[in-house]
Structures are given as structure tokens and as C-alpha cells.
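The structure under discussion is supplied below as C-alpha cells; questions concerning it will follow.
The letters A, B, C and D name the chains in turn, as written, and every chain counts its residues from 1.
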Amino acid sequence: MPPATEAFVPQLAPRLRLPAHEESLPAFRELALAWAGRAGLADEFVQRLDLVLEETLMNVFHHAYPGELGEVELALVPSGQGGQPRDGEPPGSLSVSLTDWGVAFDPLAPEDQALEEGLEANLEAGLEARAPGGMGLFLLRTLARGSYARVGAANVLTLTFGPESAPVSGA
Amino acid sequence: MPPATEAFVPQLAPRLRLPAHEESLPAFRELALAWAGRAGLADEFVQRLDLVLEETLMNVFHHAYPGELGEVELALVPSGQGGQPRDGEPPGSLSVSLTDWGVAFDPLAPEDQALEEGLEANLEAGLEARAPGGMGLFLLRTLARGSYARVGAANVLTLTFGPESAPVSGA
Amino acid sequence: MECTGSKQGAFYVLEVTGRMDALTSQGFETECQGRLEAGDKRIVADLSGLEYISSAGLRSILSAAKRLKAAGGDLAFCGLSGIVSEVFTVSGFAKLLPVYATREEALARS
Amino acid sequence: MECTGSKQGAFYVLEVTGRMDALTSQGFETECQGRLEAGDKRIVADLSGLEYISSAGLRSILSAAKRLKAAGGDLAFCGLSGIVSEVFTVSGFAKLLPVYATREEALARS
């Protein structure tokens, strides 16, 4: 079976597509970290990438394909590389694009804004009151800069890691 | 940058696209062997897959993109899996599809038929007369069953490994 | 993720190393539960060997902390660095739970 | 790929283990060249620990065999199995070069 992509000119964006279940996590992680290294990403951004990749992939594994097994694709675009020139992207940054073909969902702007606000307001709440849900999306939005688009039947989430690519947290 | 594939419904064919150079060989190999294991491929076919993958990938790395760096994509379709039913494919077989966007080249029917015939005729020739070139393609055609198609600007090579999927050699 | 522990005065010190991710973090809750059943209600988790934590790790920690508190004990932390420290800060866990810079400070509290 | 060797009578026996692929096989030729320079012209390559060989490995072998032959020596093989045996057979190398089932047979030849 020919891959579905044969009509496209490649853009030097390495990519991996695997079944959307937990077993696929290590392979995605390995590829992302290998390219983070090649892109010269500083350690703090590598760690954020690692975290955000786990959060977004776990969400796709568990929520994107209710009752069926779908796929998810990771593409990596080091700055300055690829067919399209990366305008103004500083060296040592890496863009990560995650595509799934599951239910439409924008993780950067959750439908349930109330829950989100509740969570943020809740950050300093006591142990008893603290709800564990929603933390994955919260970390995603806090530690990565990115954009979401529904393209045809696909969710495409693009996240960029590197200097000036994530809101400064804490400091 | 959204991946070029967002308009397609996935078919549960895991795939990996990487730059067409030697450094990419281990990652392709790892993915192929992982899925050969899941497909229940018998050891002799796993070994042939391993060999044929190296031969075809090395050829793409060295010959498909003269003077530039392109990409190559590996897709894996375990028998009985995927969107399309695999008609008559026995269990424990695996199809491997390799796509590149380099110069048109059919490794299953080399342009230089004379060289090929010379090589085959040459198999029992003495040490002195034995030319080392062409052996990669010869092993490919001997140890795998497959088909080639030029699809748009892409070379798509599909190879199947498993019972009755490769010409019996020697025995 | 690996947990190794020892009794230090009134506290049980748990050294957590490696990665606390979706595939491993449940082990932390299980470990704390085991200590609680063995009679240790006051646990200090030394995270100086922990390289990574995700929301699954936070879930496991929150759950362990609630159990220990319900039993009249507590769960404190020390040795946070890198992404672990960052995640504790942005998630609010650094304010929700007792976090100390060093193990000595964590053990010196009443 | 790893090569370890020892002198056995008139022969130098080279035990080749691991994988002889595009990334490693050059080492075999280099090893044989080194033996030749050290004065060993008759080499027996014991491939019973070799798991894999590709056309790059065959190239390295052919090149080593030619050099040894040109120096009045030879290169024989023993212990082939699995894909290594299959590749030697289909490539014609099993007829081109002296191949023995066991090391004893390889060492017993004149």
C-alpha cells in the first residue's frame, strides 16, 4: 500500500505516525528528543518539550478516538531547516506539530472555559478542594507557545520550543 | 507548519519519514523490527526484512538525491491490519512501503539490465573477475517480493515479508 | 521511577529518582500507601534525583498527600530542580504542599 | 561487529560477531589488512557469532579475500547460519570462497 503522502514534496520535516495508544509514547519521545538535540535546544526547553509532548499525546490517546483506535503523527521542524524559511525563529528552537484525525478539540482554548478558570482560581486552594483534572491542558498552555487548527478532519497542533518561545514561568 | 498529510484518513499504517542519510538507518530499522515483532513475523523473514531494508535505504541515501538532501518514508502494514483489508495475506506477514521523492528508479527492474545479467552470470566467477557493485539490488530481488510504482514525483516500493512472500532461496 | 526509603527520626524519607511520567507515576502513590500501612504517616519525598514529572505525577502526589493527611500525617518535599521545580511552581503544588530546599530543612520542621 | 583473533597452527582464526552492515563492515577489511601486515596470510573467519551480513559486508569480504590472495594467502569461512548462510548462498560467495561447516574442517585443509 503506498503511503498517503506520495504526491507531496518533502520539506525535511522528520515525522512519525503511530497508533494512538500509550505504547507509542516512547517512540515519539525518542524521535523528539533526538531532534531537539540536533536543533541545539537548551536543556530547559528540552524538558518542557518532553513534558508537553507527554501531556498532549496522552490526551490524544485517551480522548481523541472514543471507542476506536486511531493514529497520531508527530512532525519536527528545526528552526532554519526545511523547505519553508523559518522567519525570525532564533537558532536552538524546534517546532513540533501533532496531527490526529479524532474528535475536533482545541487544547489551547478548551471548550469548558469554566473548568479551566476554576482550575486556575483553584491553584492555591487547599488539598481537599484541589481537583486533579485539567492539569495536563494547563501545563500545555503554560509551558508552550503554539497554535491549533482544524484542517479537514484533522486536529493540527503546532508548538514551538526555544528562546522567547514559551511564556516565562515563575521567574 | 502543519504536516502535509492532514487531509487523509489514517489507515493504521505506522510510518516514519526522515532525512535520506545514513544516520537515519537505525531509527528506520528499529521501527521496522518492532512492527515485525508485533506482526508475528518468523525469524527468517525478520532477517530478510532487516537486510532488504538496509539495501534499499542505503541506495536511496546514496543515489536518490544527487547533490541534495531529501527524505525517505517507511510505512508498515501488518497483515490483517489497516483500513484496507489485506486479501489472502497469511498471518505473520508484514508489508513495508518505502517512498522517496528522488530521481525515478525502479530497483526491481534496473535500467542497466546488462550489468544485472553480467552480475548473475558472474555469480560463480573467480575472485579476480567478481565485481562488487550491483549486489544490493540483486539481494533485494532475491530475498523479497514486491512492486514498484512511480507516483507523481515519488518512488514507491512495496515489499512483503512472510510465508509465500519471498522466493525460496537455496532450499 | 525508583523509590528507596529509610526512617529518619519521626519521618520516613523517600528518595524518588528517574522519571515520574504517565507510565510510572502510579508507583509513587503505591509506595506512600505501603508506608502508611506500615505505620509511617509523615513522609518526606526527596526529589533531588527526580529528572521529570508530568501531570500524571502530580495526580499521584495529590492522591498520596490526601491519604496521608486523612490519616493525620503529611507529605513534604525537598530537592526540587529543573522541570520538576517548574511544574511544582506553575501548578500551584509548591504552595499547596510543604516544599523545602534541602532535606535538612524538611526534617527540621515540627 | 567485533573481531577477535588468535593464531591456530598455520592459520589466523578471526571470530567475527555481531552485525556486518553498512555502518560496521569496513572493520573486517581493516582487520584482515592488519593481520596481513603482521605476516598472517591465511585467515579463517569463524562467523558462528555473526548475526547479520549485508552487501556492504560482502564487499568488505571480497576486498579482503582479493588482498590476501594477491599476497599468496587465502581467506576461508566457517560457522555460517541463518541470514549469513543465506546471503553467502544466493550471492555466490559460498562457491567463490572456501566455506566449511566447522572450524575443525577449515583448519584441517592444506
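Simple rule for what comes next: a contact is a pair of C-beta atoms (placed from the backbone, for glycine too) under 8 Å apart; a residue touches a chain by one contact, two chains touch by 3 or more.
Everything numeric in this text was worked out from a predicted model, so none of it was measured.
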- request: Figure out the least number of contact steps between chain A and chain C, where 1 means they touch directly.
  value: 1
Statement: chain A and chain D share contacts with B
Task: Report, in whole Å, the distance between the mean C-alpha point of chain B and the mean C-alpha point of chain D.
output: 27
Field: For chain A paired with chain B, centre-to-centre distance based on mean C-alpha positions, whole Å
entry: 31
Gap in Å, rounded to a whole number, between the CA centres of chain D and chain C: 57
Query: Roughly how far is chain B from chain C, going centre to centre by Cα mean, in whole Å?
result: 50
Query: Which pairs of chains touch each other?
result: A-B, A-C, B-D
- prompt: How about chain B: which of its residues touch chain A in the complex?
  reply: 1-19, 27, 31, 34, 69-71, 73, 75, 77, 82, 84, 95, 97, 99, 101, 149, 151-154, 156, 158
Query: Touching chain A in the complex: which residues of chain C?
result: 21-23, 52-56, 58-59, 62-63, 65-66, 69, 82-83, 86-87, 89-92, 95-97
Message: Quick check: in the complex, which residue numbers of chain B touch chain D?
response: 22, 25, 43-44, 47-48, 50-51, 54-55, 58, 122-128, 130, 132, 135-136, 138-139, 142-143, 169-170
